[in-house]
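Here it is, the structure, as structure tokens.
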Amino acid sequence: MSHNTFGHLFRVTTWGESHGPALGCVVDGCPPGIRFTRADIQNELDRRRPGQSRFVTQRREPDEVEILSGVLEEDGDTLVSTGTPISMMIRNVDQRSKDYGEISRQYRPGHADYAYDVKYGIRDFRGGGRSSARETAARVAAGALARKVVPGLVVRGALVSMGTKSVDRNNWDWDFIGDAENPFFTPDRASVQVFADYLDTIRKNGSSVGAVIEVVAEGVPAGLGAPIYAKLDQDIASGLMSINAVKGVEIGNGFESARITGEENADEMRMGNDGNPIFLSNHAGGILGGISTGQPVIARFAVKPTSSILTPRQSIDRDGNNVEVRTKGRHDPCVGIRAVPIGEAMVACAIADHYLRHRGQTGRG
Amino acid sequence: MSHNTFGHLFRVTTWGESHGPALGCVVDGCPPGIRFTRADIQNELDRRRPGQSRFVTQRREPDEVEILSGVLEEDGDTLVSTGTPISMMIRNVDQRSKDYGEISRQYRPGHADYAYDVKYGIRDFRGGGRSSARETAARVAAGALARKVVPGLVVRGALVSMGTKSVDRNNWDWDFIGDAENPFFTPDRASVQVFADYLDTIRKNGSSVGAVIEVVAEGVPAGLGAPIYAKLDQDIASGLMSINAVKGVEIGNGFESARITGEENADEMRMGNDGNPIFLSNHAGGILGGISTGQPVIARFAVKPTSSILTPRQSIDRDGNNVEVRTKGRHDPCVGIRAVPIGEAMVACAIADHYLRHRGQTGRG
Amino acid sequence: MSHNTFGHLFRVTTWGESHGPALGCVVDGCPPGIRFTRADIQNELDRRRPGQSRFVTQRREPDEVEILSGVLEEDGDTLVSTGTPISMMIRNVDQRSKDYGEISRQYRPGHADYAYDVKYGIRDFRGGGRSSARETAARVAAGALARKVVPGLVVRGALVSMGTKSVDRNNWDWDFIGDAENPFFTPDRASVQVFADYLDTIRKNGSSVGAVIEVVAEGVPAGLGAPIYAKLDQDIASGLMSINAVKGVEIGNGFESARITGEENADEMRMGNDGNPIFLSNHAGGILGGISTGQPVIARFAVKPTSSILTPRQSIDRDGNNVEVRTKGRHDPCVGIRAVPIGEAMVACAIADHYLRHRGQTGRG
Amino acid sequence: MSHNTFGHLFRVTTWGESHGPALGCVVDGCPPGIRFTRADIQNELDRRRPGQSRFVTQRREPDEVEILSGVLEEDGDTLVSTGTPISMMIRNVDQRSKDYGEISRQYRPGHADYAYDVKYGIRDFRGGGRSSARETAARVAAGALARKVVPGLVVRGALVSMGTKSVDRNNWDWDFIGDAENPFFTPDRASVQVFADYLDTIRKNGSSVGAVIEVVAEGVPAGLGAPIYAKLDQDIASGLMSINAVKGVEIGNGFESARITGEENADEMRMGNDGNPIFLSNHAGGILGGISTGQPVIARFAVKPTSSILTPRQSIDRDGNNVEVRTKGRHDPCVGIRAVPIGEAMVACAIADHYLRHRGQTGRG
């Protein structure tokens, strides 16, 4: 994979900076004849959009998608892909022309500032430039397409812990995640108040906190992936680790698998009445030897706390001076919240890519 | 990345099955003028080689490497790379011609058997075929070269936990890892007896157990990686997750970062007397925004317990029958042990690839 | 290379259709710190722009480029690349809303219509859709950047023959190519009247004619390319053959080399007074064994006659009927003319890509 | 495409030098279930093998292929691909240990020597090292597999001209090409004596001469390729131009298309009685807009005269001295002859790759 492209046959190339005129993506390799509406894309973007509750950044971006190529209009609102690149663009609207004076020369701890300057020698410091989480809007748009590529695919994500607080898995309710009263993408209604109180305190202190997100893909046909360097879990891990602030990825029972025995970890099988195998558990997260088994694919990822905090931290500047950095501005106190639809998008893209690759190599699917 | 290739400029393509005549790799993109000896490669292979203690598989493979192309001989034993593909081959020696009767049609729980058959419709069942951990010998050979590509790079790995037992980080001693009395790649001398007793019990029960490995790369220049889909941590995660039986990957403090606040997670900086920045901690694991900071790069990965166990497990066979599977044969009770040099190899390959890419895009390095 | 991407480290992905809202490209991998102006891009686009003489299509497209990402503004009009993707967009302006009735179902001989329908089952027939030569505007924009990447690189092209008429190489004058009285990119002032008379006849007959273009790249450092599947000439051939209507590519003396002896074909060398080698001829076109020699790189390509002609041709339609096709509308009687800046762009992109790759693998350049 | 890899889904990576222990290829992406025999590979290698007549190099290489991975044995001699990488190796046998003294420091005109040294700073000068035409044995082996991937595909090549002598197309007889009395791959029986006399003179003079080869692929399904940077003709051109000594490539009527009008160049169509379209000519060489039409795919390429000649040529050496180079040793007086099976192999590989890509993107094929 290249610097700014994800995927092999379903290829997503993103571009754009936080404070440039626009950002977007080019989806190359989308099969012809895929039907979707502008709303299919926009709805996913709206889930990731900032400014929707007091728990996320107050930057006001409508994130309206323009579809510039690769589709024909059919009846009503339906678009149909033609097999050519689908270019999607989102204009940046709310780039505040504030004075970046200090911040333009300071290296904010936890941000890419220092590493970036060493690498490129030049840096668009406005809002993080290319390293801004705004880039992820383009991923979400691409992911909305990827969902359409694999028939029957359903990819859903949930925030399962925030800082020291976790959901109760006994209360898991996928339907609650899109609820208007749920600003956290939590699957546990009872956790909303807990998370809200916790995050209000964090936010008022000018602090921030991390989170763990779980993504579950159902309807993944068995056989996607490959045994060595195109493992489905490898490419999912690659996609998730490429999201800003992600520091860990697990498949299935993940790190827990390192603590248990082979007997405990085995997913036993029986033949079902319909002639399809039934797995009696899913420790593997739907992937064995890098290849999907037909069970739900399960991935989790850890998002570190937002590095932009009000508490002063020691750092240095471009000129080699010791400085204290205190990051004002509009920031998510827990970037993990909005990472839920982004994680879904990356999992969907990885699966769509492997769906096409599998079809190419084997003629099946 | 392709099915069997890892990397973009430093490209490693591996081939071979457990019970075929040989396995190997082609390293394409190795810079010209890299000096090394056959022993540099062989020593790494010897670290991964089976049959060295009672805690690993008793299959006897010398794993002797043949270097078939891409080098010229200099004085003594020194080889020098010419910039052309370096092909390395390892003959399989100890493929027992046992009767695979049952196992050839049964789907072993935890193994790729079922998924593989669904994908390809044909499967070399002998010893796992392409999905065998023998493939990783080729990675280790490639990794030995990768280590030479980046001046000053040192990549070391350690087993930090096995099942429910963990090392004491206060006892960390890198030098102990190569010790003849250390069959576990543990950095903690005191842990040897604990691990030995624990694993003897596991082994005698015909069971198996998982492990966590930590890899630390020192001497990684700042600036490697890229902000979006060529993040250094993304490609390290991809490489580690591509190793057989790996179910989770962390960079720096990993999942712990999801539990703490921005203040706790920040790696503060000061200017050093030598004009280089000093980080006061390394929660980031040496990577910020996908780009190396010059601090040690730290990655951890979870290896699941060996799926081949003596305890019978329920499963099905190719013909749709319910069966009980009991995997005899020569197996590692903890495949995580030999995963240490493999993890090192993948981290080294990812870093070498980014070193060349960084040099390409920026002219620096 | 992917469906819509050209290059490995300097990667150009283009998107857009003839009659969609816009077209553009994303240039990924442009090194940081490259300085250029909007005019540098626009000037190249203006050279390719339609409607500039009676010898090219009368479609009126301003082809104004918007630069959407990857740059910072410096003093005056200077832009500087930041190392992130440079997204450039050109709005389509003059898409006539004509009735495509017949043409939407007919397969025009010489066009991609039939093959396209077989491939994708769906086709944007308006103006050729993705197969329109309008796509090449995006290549020209990318090529304008590529020219800046390699210090000292000068890439120039010339039309050397049109149908049965050829230039006199004794009259070669690079400076004349940009002359206002030269609508043909011919290097031979004396050929203008010949070409004009010839093409006027062709045009008035509703016919069309082919052309041969020569591209010369000076300032290419020795050492770019690779001996096997990344030959510099291979990638130049790939780039040129990817241009619409191109049916042949030559490097150096090309097909002539097949007619002569080794003695005649050899480019002899002498040491120059400045310590650099001097080649006594350049049959090789600046490339030996796939690697640049430091001599000018010379490539030629053949462009077939425009397939859209007024003379009726026999064909079939989507429904399997025999039909007669007569292509009205605005067409270039010789698409080879405007192919000159496009050929230059592809050569520049191939060279820039190899410049970065060479630097990556060898640390030189 | 990478330095030493050709293809995207059907990926061929080659390795090896002229005078190293061996050379070979890894074919990654070969679909599972492809049946072939060792003889299928060996027969193609035998067609390219040196030493078979007085018109080719007298180096004696059996070119026996070892198949090291990726297949299972079935009944009799049949091998079946498993979908994993197929590694094939050919040992070098006849590397004469001659004294390379002078030649190791001299830059032979027409060879890659100088460019190579500038690029890598180190060079395996023995027999051309990596730049030797021996590398093409690996391509031929891979091509033999590629032919099996596309059902019904037949790829045949013919030498159509040598120096100033050409075949008479009225005498075209594919069956004569494999005839024991035909050392030239000519399709014209009457040309054998002409070529033999001509080449004997060339050979006795210590000279060499170029050639033009035509490759025709029948049974290519319509729809392979893509409209922009994955044009089928582009990838065929790339593959052919990557062959040693090739300086030009044409598709269909190639450079001739630049000389004629749109009326003359159009391939008209009629509906056939079987419901399939009939093309009334094939100027396009079976490819329109980069996509196959179902007609035979026709490509031609020009091979320059062997650069190794006995006549002394002026050159320089590594130390900057003017020298005279006279290349003794065993050389093909016309390398174009043995280029016939190599050209076939590259065309077959390009088509197989696009067959899989088409299947991946569209689900058809």
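Brief remarks on what is shown
Residue numbering begins at 1 within each chain, and the chains themselves are lettered A, B, C and D in the order written.
Note that a residue touches a chain if its C-beta (ideal position, glycine included) is under 8 Å from a C-beta of that chain, and two chains touch if they have at least 3 such contacts.
On a predicted model such as this, the values are computed, not experimentally measured, just so you know.
Taking shared numbers over all numbers used, the chain A to chain B interface scores over half, which places it in the same class. A count of contacting C-beta pairs for B-C and for B-D identifies B-D as the more extensively joined pair. Averaged C-alpha coordinates give centres for chain B and chain D that are 38 Å from one another. A straight line joining the Cα centres of chain A and chain B is 27 Å long. Note on chain placement: the centre of chain B and the centre of chain C lie 45 Å apart, centres being C-alpha means. Among the residues of chain B, those in touch with two or more other chains are 2-5, 14, 29, 32, 83-84, 119-121, 130, 227, 357, 361-362.
Judged by the touch criterion defined above, the protein chains are all mutually in contact, each touching every other. On chain C, the positions that touch chain B within their shared complex are 9, 29, 31-32, 83-84, 227, 356-357, 359-363, 365. By the touch criterion stated above, chain A contacts chain C in their complex at residues 2-5, 11, 13-17, 20-24, 26, 28-29, 32-33, 66, 68-70, 72, 80, 82-87, 89, 119-124, 129-130. Against chain D, in their complex, chain C makes its touches with residues 1-6, 8, 14, 107, 109-116, 118-121, 130-131, 135, 161, 163-164, 202, 207-212, 222-231, 233-235, 237-238, 241-242, 244, 247-255, 257-271, 275, 277, 280, 283-285, 287-294, 302-309, 311, 313-316, 320-322, 336, 357-358, 361-362.
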